[in-house]
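The next part holds the structures, each set out as structure tokens.
Shared chain: chain A. Partners: chain B in the first complex, chain C in the second.
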Partner chain A sequence: MPLLPEHISALIGALSKLPGVGPRSAERIALHLVQADPAAVQHLATALVDARERVRLCDTCGALTEKSPCGICTDSRRDAFLICLVERPVDILSVEKSATFRGKYHVLGGKISPLNGVEPDDLRIAALERRIPDEHIKEIVIALGTDVEGDATSFYLAKRLAREGLRLTRIAHGLPAGTGLEFADEVTLSRALEGRREF
Partner chain B sequence: MPLLPEHISALIGALSKLPGVGPRSAERIALHLVQADPAAVQHLATALVDARERVRLCDTCGALTEKSPCGICTDSRRDAFLICLVERPVDILSVEKSATFRGKYHVLGGKISPLNGVEPDDLRIAALERRIPDEHIKEIVIALGTDVEGDATSFYLAKRLAREGLRLTRIAHGLPAGTGLEFADEVTLSRALEGRREF
Partner chain C sequence: MHLAHLRLRDFRNYARLDVDFAPGFHLLLGDNAQGKTNILEAAYLVATLRSFRGIGGAHMVRHGQKGYFVGSQVVGQGEHETKMYWSARERSLSLDNQPVRKLTDYLGVLRTVVFCSEDTLLVKGPGRARRRFLDLLLSQTHPTYLSLLQRYALALRSRNALLKRPLVDAAALESFSRELISAGEVIMRLRHELVPKFSPLARLAYRRISNDAEDLRLDYLSSVKHDFAVDLAQSQARERTYRSTLIGPHRDEVQMLLNDRPAGQFGSEGQKRTLAIALKVAQAEYLTGLHGSPPVLLMDDIMGELDLKRRTGLLPLLERAHVARGQVFMTATEANWPKELGRDVQRWIVKGGTLASL
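Presenting the complex of A and B:
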């Protein structure tokens, strides 16, 4: 006889696929939930499905949003001629928390990685190139991670995006090497933004 | 403008109520989920609700089960005259994992705690007292926690359950496996010494 009822095992299996949730945490959460208030469980299930259904990517910048264009793209108080280029939608959140950047964003959607079959054409580079003349962009701050692929992608973009009248900068190496934006604290990110330099 | 779309914030709020999930983990999980395969998110939501709806407590022993009486209560290969008394349904899982106990269980549903308003009548003691003659129980192993309330409850039960022909035992208290004396606190060591046995 299995130790746990089938539906608890199934729930543990589904929970342990979440980031940062190991088998022990998944078991603890599942055993809590099957004894929790049914309304609270239903609330969590609804929140899950609602969030997944309502949240989409902004057609302009690629941010997570419930309406496109997103709140940042339509915010007239932000510098419309300055774009911060990030790898993933969640990186926007990290930069916003540093409260140092008041421009708009562009999500690249990944890093160039020939070994993983990610070529420049798989990224949202062409969309960014269209935004440069359309939105009269004056500066692009490249804010990718500092691992090998992030570095390579940054240098590739510095070459490809270079054009008359466009300033290309990169956030400073306040970011610890070999890591992504999501692990950086606000102060580090804030300093990295303030210390950005010309290519 | 809030940093995150409303439905992501709602999801983070619901997730951070789970045991062992702090605000940072909740944010990480939520941001993962809103970009995950919609079918996987639906699967998780269904697993949540299904588990909560299908899993109930065994009418006899109080274990988590999908049918009552549970698989342990109906297992004819187990010693039907031996009961292990635990505080919560999940404690059964811990004892089962030790693979040392082959009797049945009884879940008390808590510990006596006058400060928190938990009186003996709030626990499943009367149900246990009915089981003793009904199932011809010969031994009850009290396996509650070793905090003050667990100790007090154990002593209370040892008195209340005492009757002719019933053996009342308590799981041993001592040094945990795989550790040295230097890591044991005074109370643990004192109990380990008191509970010493012949080789």
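Presenting the complex of A and C:
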């Protein structure tokens, strides 16, 4: 095997740690970058560093944002008493694309996963429990995936969050069994949101 | 249904092979270690994406090569083309030149039943082997069974992980119990429904092969006596002691009785072998009844283990596959091939990773 210059190998190593980038594509990207216009590469490097520096999680809902609280949390046209509970920040994008939900969000930051050592305390459940009285929340739509861990987490939350004056619903029933929100197309998702059901 | 074409590249001891197979009976003859079983393994791989030798992809790559390719053309209701490539770095699977997204879209294109000497584990081996046999049959006949099994397995492992924690989180445990129960109940119901339908087929097959010697009966013995949810709740104290889930479909058994005695304990070696073959024959019959056409039979060296009487008992099944435009592949060494099979046999000589028609 021909030996690659040290810095190319290092670049390949770093790239192949990215999600969805296998060793082959890492190699292809690296070889492209080391032969590309230096200005373009500089631009990419700056974009990477800027994005990482500026983007953070919203202190209230956990969404990706550049200022906290985020645009959704401060949007006065939204229903402030309705929260959609999702697993990850990207799920907010899926729900927003379906354009049927007009409330606010809360990102759980994962799901209960005994096999990966994720316990309820590792999720943003306590923060949600504080928001309920603080923001006078009337309804929470639980919109987690319908795989085993997503389902178990939904059930766990339905029990733990149950309290007087709070409506708990879930949308999972419109989604094909065993999928996460990211795989649901917009039509399926908006239908699921409209048809949300009481636990 | 039949396997019309098989294409191998760097698969086991085959550097390259392109071969057409007509429907009917194919006898793969050759000395030991020439590549007879490897052909059956490739056909099974097309059908199930696994090896029946129970090993991973790396073993099937020809020594010194990077990856293997197995392609096929299958003629059934329609015509399908399958392509599969495997290497440590890369895998791909396509059906009719479209990448396969969901396994359920793929499985069923080719249906096979394998007969091999390890089948006696169905009788002699642990309960796991018998559960897997039922699960395989249900996966082949029930569109959602495989995903149910996967859900159950994940709920079970998650639950066991929770039970092993120093401090068991009861609320989290309950959430996974609910998943376990909802998948587990359907699995047990489907198995419970299958066994009484399957048992008479196995009984008949056993009779035919053994010439009416003993009476075979299969029963599904569930670890759940009344209601899964109730029984699971009642097993709580024991669960905490053993730190794992003690009841459910993963603990159920298929009992096999020969003249009312458990065959695994009381059967002779010959009886166990006959019983194992009867189970496979019944599997083929069951699939034929359900799909209207017989699966492709892959028989690895099993005739040599049977006496003439028992071999004769198997012939009607093989002939039927023939009539229904099915297909049978049978391996044998020149010395022990079943000559009573007669003339309608396509014979192949397998030698050092090549196939030549005789």
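Note that the second predicted complex is superposed on the first by the 195 of 199 C-alpha atoms of A that agree within 3 Å, B and C clash if a C-alpha of one lies under 4 Å from a C-alpha of the other, contacts with A are read in each partner's own complex, and residues count from 1 in each chain.
The rule is short, and it goes like this: a contact is a pair of C-beta atoms (placed from the backbone, for glycine too) under 8 Å apart; a residue touches a chain by one contact, two chains touch by 3 or more.
Just so you know, these numbers come straight off a predicted model, no measurement behind them.
J.: Quick check on the superposed pair: does A:Tyr156 touch chain B, chain C, both, or neither? Answer first, second, both or neither.
T.: Once the two structures are laid over each other on A, A:Tyr156 reaches chain C alone.
J.: In the overlay, answer first, second, both or neither for which of chain B and chain C A:Pro19 touches.
T.: first
J.: Decide which partner touches more residues of chain A, taking chain B and chain C as the two options.
T.: B
J.: Of the two partner chains, chain B (first) and chain C (second), which one does A:Gln35 touch, if any: first, second, both, or neither?
T.: First partner only.
J.: Which residues of chain A touch chain C in the complex?
T.: By the definition above, chain A touches chain C via 22-24, 112-115, 119-120, 147-149, 151-153, 155-156, 159-160, 177-178.
J.: List the residues on chain C that touch chain A in their complex, please.
T.: Against chain A, the touching part of chain C is residues 89-90, 147, 151, 154-155, 157-159, 161-162, 165, 169, 171-172, 174-176, 178-179.
J.: Which residues of chain B touch chain A once you look at their complex with the stated criterion?
T.: 1, 3-8, 10-11, 13-15, 17-21, 25, 28-36, 38, 40-55, 64-66, 71-72, 75, 89-90, 93, 96-97
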